[in-house]
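The chains carry the letters A, B, C, D and E, assigned in the order they are written, with residues numbered from 1 in each.
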Amino acid sequence: MWLTRPLQERSTQLFLGILFMALLVVSVLHVALPEGHALHVSAYTVTLLGKYLCYALLAVAVDLVWGYLGILSLGHGAFFALGGYAMGMYLMRQIGDRGTYGDPVLPDFMVFLNWQELPWYWYGFDMAWFAFAMVLLVPGALALVFGWLAFRSRVTGVYLSIITQALTFALMLAFFRNEMGFGGNNGLTDFRDILGFNLRTDEVRLGLFIATGIALALGYLVCRAIVTSKLGRVSVACRDAEARTRFLGYRVERVQLFVFVVSAMLAGVAGALYVPQVGIINPSEFSPLFSIEIVVWVALGGRATLYGAVIGAILVNYAKTVFTGVMPDAWLFALGALFVLVTVFLPQGIAGLLKKRRKPIDVGSGPSQPATAAEATP
Amino acid sequence: MLQIEKLNQYYGESHTLWDLDLDVPQGQCTCVMGRNGVGKTTLMKCIMGEEKVESGSIRFADELDLIKQPLEQRARLGIGYVPQGRQIFPLLTVEENLRTGLAARGDGQKIIPERIYELFPVLREMKNRRGGDLSGGQQQQLAIGRALVIEPRLLILDEPGEGIQPNIVAQIGEVIRKLIAEDGLTVLLVEQKLPFARKYADRFAILDRGRRMAEGEIGELSDELIKQYLTV
Amino acid sequence: QEDPIKVGILHSLSGTMAISETVLKDTVEMLIEQQNAEGGLLGRELEAVVVDPASNWPLFAEKARELLAQEKVDVIFGNWTSVSRKSVLPVVEELNGLLFYPVQYEGEESSENVFYTGAAPNQQAIPAVDYLMNELGVERWVLAGTDYVYPRTTNKILETYLKDQGVAAEDIMINYTPFGHSDWQNIVSDIKSFGSAGKKTAVVSTINGDANVPFYRELGNQGISATDIPVVAFSVGEQELSGIDTGPLVGHLAAWNYFMSVDSDANYDFIDQWIEYTGDEAAVTNDPMEAHYIGFNMWVEAVQKAETTEVDAVKDAIIGVTVPNLSGGYATMMPNHHITKPVLIGEIQDNGQFSIVWQTPSTVAGDAWSDFLPGSRDLIADWRAPMRCGNFNVKEGKCGASAGEQAAAAE
Amino acid sequence: MSIPRWLTVLLIVLLTAPGLATAQEGDSAEALLEQLAEASPRDTETAIKAIATSGHERARDWMDAYGNNRLSQVKDTGQIVVVLNNRGRDWEVADALTGENLGEMSRRDLDRIAVNNAIRRQLEGVMAMMDLYANDVGVREAAALDLMGKVDGAIVGDVTARIEEEPDADIRSRLELAVAIYQIEEQGSAEAISVLAGSLHPRARAALNNAVASEDPALRPAAEQALGSIEQKLKLNKTAETLYFGLSLGSVLVLAAIGLAITFGVMGVINMAHGELIMLGAYTTWGMQQLLPGQPGLALILSIPAGFLVAALAGIAIERSVIQFLKGRPLETLLATFGISLILQQLVRTVISPQNRTVVSPEWMSGSLVINDALSLTLNRMYVLGFALVVFAALMLIMRRTRLGLEVRAVTQNRAMARSMGIRATRVDIMTFALGSGVAGLAGVALSQLTNVGPNLGQNYIIDSFMVVVFGGVGNLWGTLVAGLTLGTINQLLEPWAGAVLAKIIVLVFIILFIQKRPKGLFPQKGRAAEA
Amino acid sequence: MSIMSELANRDQVFSFLTPTDSPVDVRHGPILYMEDVNVSFDGFKAINNLNLTIDDGELRCIIGPNGAGKTTMMDIITGKTRPDTGSVWFGSRHNLLQMNEPDIASLGIGRKFQKPTVFEALSVFENLELAMAADKRVFPTLTATLKPEHRERIDAVLETIHLKDLRDHPAGILSHGQKQWLEIGMLLMQRPRLLLVDEPVAGMTEQEMERTADLLTSLAGKQSVVVVEHDMGFVRSIARKVTVLHQGSVLAEGTMDQVSNDPEVIKVYLGEDA
């Protein structure tokens, strides 16, 4: 089975091993040790870690398209947010009549703005299976349509990056509109239950954390399976010399579309897991700057390595958590400096440090080499 | 004109040039030969400064150690370079491509010397076309023309005949000879094609796996040497 | 020496909201410093715990959790935007914290754990409209706002209110713009032509933050002066004006519960302290700062009354607490966790201050649930025993589900 | 100004005013002011008129001070003072009566004499009436314009009288219009409607609208007809106006993007700090104005070179410290410059302030160029439009006519080869990046006249800038110009019917769809090399 | 694209084993047929009423001055450039002008570029693997596994192109000549019906040229080969039929001897002493 193929790789084994160990240790330390114990992992930390893992999954998704396919998506936040909204809508419906206005069907913000009935696109989100399917399908469908348009017309490079940015920007503005029926700027909040469990209990938090860990493991596995397959090599070929790949008989746009859609779905899953853990989804997740930040995580961790993306996401967000607490006035300096220093001194990101310096030349930066696809002609 | 001594070069871990010596006398055409991948292009790049040299010296015009000179300076010293793969600026027009050579001339010349167009009339015809649109052979001519714009003392040609129609290849050979004769130009040529080398070069040097294996007047290029180093 | 009492400060110090929120952080720090100079509270030091939620809404929730669960703060002063409050709300309720929220907002909320020291719509919007209608004879209304919940709600309330007052639908123009909107040419031009219908026209602006500068600039440049079409704003205070060339704005209005120009000794003292604290002779004070001032003093008083910082005790003790405000009167914490405030209307002056042209004869109590929205007309909030409910439906005579659950959880 | 003449006129005016009796009672200046200070809102009108007619030499000053909220009463002594400087806690005051400077006085000790819009309107009316007799045509014209809709029973006679005397035809017709409005609104005069026909002034239209609404059979048909022809004209003007709005928004986009068209379009550096370079330019303007208080115009002009320099130097610093190490790794420049942008933003927050800074518009940039009563072009935007075009032309010249233009393109297309040709790539990089950054600084100077000068300034423009550059076609300056103007115009054309939010969304969707049609932007790089 | 269709397609995964079965209909004559093709770039006519037919199994050399339009012609055949007018048929069934690059490639037209273009980040081995004839749709590619016989084939080709030692090195580090070889190797892996080879021996030594010549001649018969080359020695050694292009159209056609004695060809191309 192609999916399990990466399990034979040492790097994947190592990655999954570390991940599951971490899940286990955190869970044990959280459950077994009493609060106040020096090694006790508080619910706060568990949720925090859960959030990092969501970001890590998101970063993996971005690395898949950027690192291996050469599509610098500056709009992946959109897929993340859409997954989040799908989940948020489910959680919203779960509130039922416990909202402030006690309306059994309409979420509070709709009552509040005088909506008379539930908009049609909210139908079905009271059912978990439907909502969870939407978590995959909505981002996937958007990626499919958008990708189909773009790849078919052979939009590449910065042009593609910018229209992905335009996409997420447009969605952000749209979701900010209160008429859209997604709560406008305030977004969706005040969730209570997920699958019948009370979201505000530590057990559920732990459960979500573990679920995120597993999702990350699966996502990683899927990405790994893709990149180690022949398709992965074709992706790299597309990245470095798109035209040449076509002449070999590969339908580049379909390869791109497939990988892009998979990546979007992973981002959607990440978003869906993110929302119940942080307790809010609002249009700012669509913000283009957030999407750029994701790319920064990946670059920082090391492009085209997948595990680098995970490291980058966790590291940057951990740094954010620490810095915003320790030096609230100056954390942006620290973060900015981190970005600058890593780029200048670690050209292959943090993963570059880990990689054995076996390969003499930089293979991870295909399109940046001047003498590649650009001169495919005479 | 150019003396290379004990040159060593590495690509990362891999040692490409080994203790390489090469002498390019003034006013002559020296031809470097060797199989694919032995390091000919690498050597040229070292002379131009595009690749870092590990150890050794490259002396130009008897006094200067080129290695200490920044890359840009070498063109200004009068070294013209026609790289393998042409390396024209694809989005600049032909004329603009040629004009890039003007920067390195000390005399502040602002227009392309007429001679270039005389040598390669096709360049005049295509003056306003983007360099990248030219056919392969046209690009090669452009690359040579561009190198001549700086009126070099030493001209480095890395497989200049590649992809060029036979009559123009011959013409290039003639141009080389003419420049040598008229301007006292020194030429360092990389060429695989024996007839061309035999016809237009004065001296040869054979590389193998990054080492210089033989050197001498072109007349001394024996079948034995050819068999040993140039056949697979 | 006992452990210090920890006061959490949850205001953005970076990102888009830093513009507004940093001064609030400084305000609370100043208040803490003063309180410590007076010997602290219950004989204990106060200690500020500052975090930066960076104008990022999920981060607000995370930081609130950090403050409550990790730092174990006794109270939080924080938030500016509604969405950040909404994000934090479940956390404070879950971990039973105390949050003082200092900004005017859209209402429609009353949480057991939150104290709303800013204005509810009935403490700002409606009196302002009354003023325009009665004193300036305005008959035609432009409701211009940034597209988010506060302007939406406020405008909804105003629309109902205006119609109740007999304003025709075609005399109301509603317009929404995105955050940070910077190109107002079209809209100002529209306002201009809307205002040329012959009736006295005014703009009620709920335009937020940065969008105001280009808006007022455009007004000035298109030649709309305050005498023609006055603009009354609910989000433009001294802080915002300090970044605007006020020359062309003179005469436009704002409605707040406090202005820096208020003529009272308490206010002058507060300004002196603030200038001393910031070391900036040009530092300004504004309404949310006053709200923090009031909120902080109320909390101090409640803690003293309860003789503990324990949240439930403070929650009970604080209702009814009355402290001086900065405009020479008093503010009382109402059972619905909103406070009483005077409403002031000020005209912008060329020095970036407001000159007060009108004020309510007495203070107004904040309304958690608006009387002008159908869904909330029948709701009231009362956090005193035995009701303890944030959304009691007087018609049905029962407490809304969420609050009941909260009460149960609190036990 | 011939004082006796306007005085007599005013006296006549005031004879009809009800408050005359009181005005004569307290004749001393002190009493006049006292009256103003004590007056209830209803009485202020009387008090103002009393002052106006008092003939006191300082009367005009008082009215000015009063209108500007500068009249105060000392709490303890009741002395009336004029506040000379009202910033900070201590105010510099002068005795209102004598003009003697009393030095600084704590704000606590002063009681403001309240003024509000209603009073200000009255003041304006009175002052406009006075100005009608000024010698200067401009002043008279402004006064006439000011009187539009402010003519009431008290002054209509004088205005009518003034029409006869007025030498300037334009002013005459304005005054006629003002009187006609009065006649329609107050007297229901149908003849006056014909005077209004064709006038685009909003007040005239308002009067007609009221006439239509009044259902007065004598007025209605004529008013409707007049309105119809006005609406027709208005539509035309409206279109012109929208177009202007579009171009002006477009010019802002162009300005913001043009520097990026160099650093990103030509050099290939994905410069996320571009916005912050714009911000630096804006802050330079602010700094200049701080250095030259009271001379905003001069400061603004000096800011043009200064803003360029500051941003260019910042650009050089960025290039030298970071970007030079990222040669051949363009995507990584995104990461590094993103970091730089964070640092620069926070730097401004900590060093200067997280708050917005005030940048004053000089006199000559405020207001608008009046084409007619319905169409006036705002001056600040007009300057920005012109400035954008000038900057664009200058850049075009540099890139086309100087060696730098050629060399930078050579260097970006093939760095190693360019260096082999003797092009000093490092210098070219520095100069180009400095140029692009400097132009961003210029954009900042211009933007400081339109929007906030604050730490977030850059963030608001970075996305738009990239859109414009890419939409136009990377590496093509013309593309940037056309793209900026096009997007601006489309946005403004859509706005009236779609609203600001939707218009923006539609523009974004338009960009997405357009790129499908032309995957390399409006003006794509053509040729074999670009296709692959 | 569901799992179902993927499963349904499984039987086609290894269809590369029979590439010659591609439905190219050559019963009625030539394998490639170009008629009245015209291309112009910004007003410059690069291809001017070009007519050309290549028979099945033929080895054809095309020569002509720089800029004659040889590469452009290949661009047209492979779908990279769309002609303004004219028709191009592959066999008698496939109108190439209605197809895009991958379709054309999967029909069995392979191409070596004038300037060697390889996937620099991939290893030499992987370059060959990707070129290998196979089901190149997305899902089959995703699930494809490398069977031992494929490995053998790749190794055999590696042997042929002398890159065995560099098997696992990224192609980016190859020297110019090595890249040329790799491209030829990729072409071999593709097993196309029609090979378009643009200047295969540029930068090769005499001996390598001979080997290339052998290679190409050995292919002829089974596959059709079109070679563009400026090296007359090389052309002479392989040529059966030679076409001379000039200014976008055919100047002369015939055996090497016929062509090289054509005064017109000598004038524009060969030069007096060739």
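The working rule: a residue touches a chain if its C-beta (ideal position, glycine included) is under 8 Å from a C-beta of that chain, and two chains touch if they have at least 3 such contacts.
Chain labels with UniProt names: A = Amino acid/amide ABC transporter membrane protein 2, HAAT family; B = Amino acid/amide ABC transporter ATP-binding protein 2, HAAT family; D = Amino acid/amide ABC transporter membrane protein 1, HAAT family; E = Urea transport system ATP-binding protein.
Small disclaimer: the values here were computed from a predicted structure and weren't measured.
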> Can you tell me the least number of steps between subunit A and subunit E, where a step is a move to a chain it touches?
Replying inline: 1
> So which chain ends up in the middle if you average the CA atoms?
Replying inline: A
>> Let me spell it out: compute each chain's centre from its C-alpha atoms, then which one is farthest from subunit A's centre?
In response: B
> How many angstrom between the C-alpha centroids of subunit E and subunit D?
Replying inline: 65
>> How many angstrom lie between the centres of subunit B and subunit C, each centre taken as the mean Cα position?
In response: 75
> If you average the CA atoms of subunit C and of subunit E, how many Å lie between those two points?
Replying inline: 74
> Which integer distance in Å separates the CA centroid of subunit B from that of subunit E?
Replying inline: 30
>> Please output the residue numbers of subunit C that touch at least 2 other chains, ranges allowed.
In response: 13-14, 147, 176, 178
> When you check subunit A against every other chain, which residues touch at least two of them?
Replying inline: 173, 176-177, 241, 243, 329, 332, 359-361, 369, 373-378
> Can you list the subunit B residues in contact with two or more other chains?
Replying inline: 11, 85, 90, 132-136, 163
> For subunit A, which residues count as touching subunit C in their complex?
Replying inline: 42-44, 47-48, 51, 97-103, 109, 111-114, 173, 176-178, 184-187, 189-191, 200, 274, 278-280, 282, 284, 320-321, 324-325, 328-329, 331-332
>> Considering only the defined contacts, which subunit D positions touch subunit C in the complex?
In response: 68-69, 86-89, 107-108, 111-112, 114-118, 120-121, 124, 202-203, 205-207, 209-210, 213, 241-242, 245, 248-249, 252, 345-346, 349, 354-361, 366-368, 376, 378-381, 450-456, 459-460, 491-492, 495-496, 499-501, 504
> Inside the complex, what are the residues of subunit B that reach subunit E?
Replying inline: 11, 35-37, 41, 84-85, 122, 129, 133-138, 140-141, 159, 162-171, 192-195, 230-232
> For the complex, which residues does subunit D have touching subunit B?
Replying inline: 403, 406-407, 409-410, 413-414, 416-425, 475, 525-530
> In their shared complex, at which residues does subunit E touch subunit A?
Replying inline: 1, 71, 75, 78, 80, 100-102, 105-106, 110-111, 113-115, 117-122, 126, 129-131, 136-138, 141-146, 170, 172-173, 186, 190
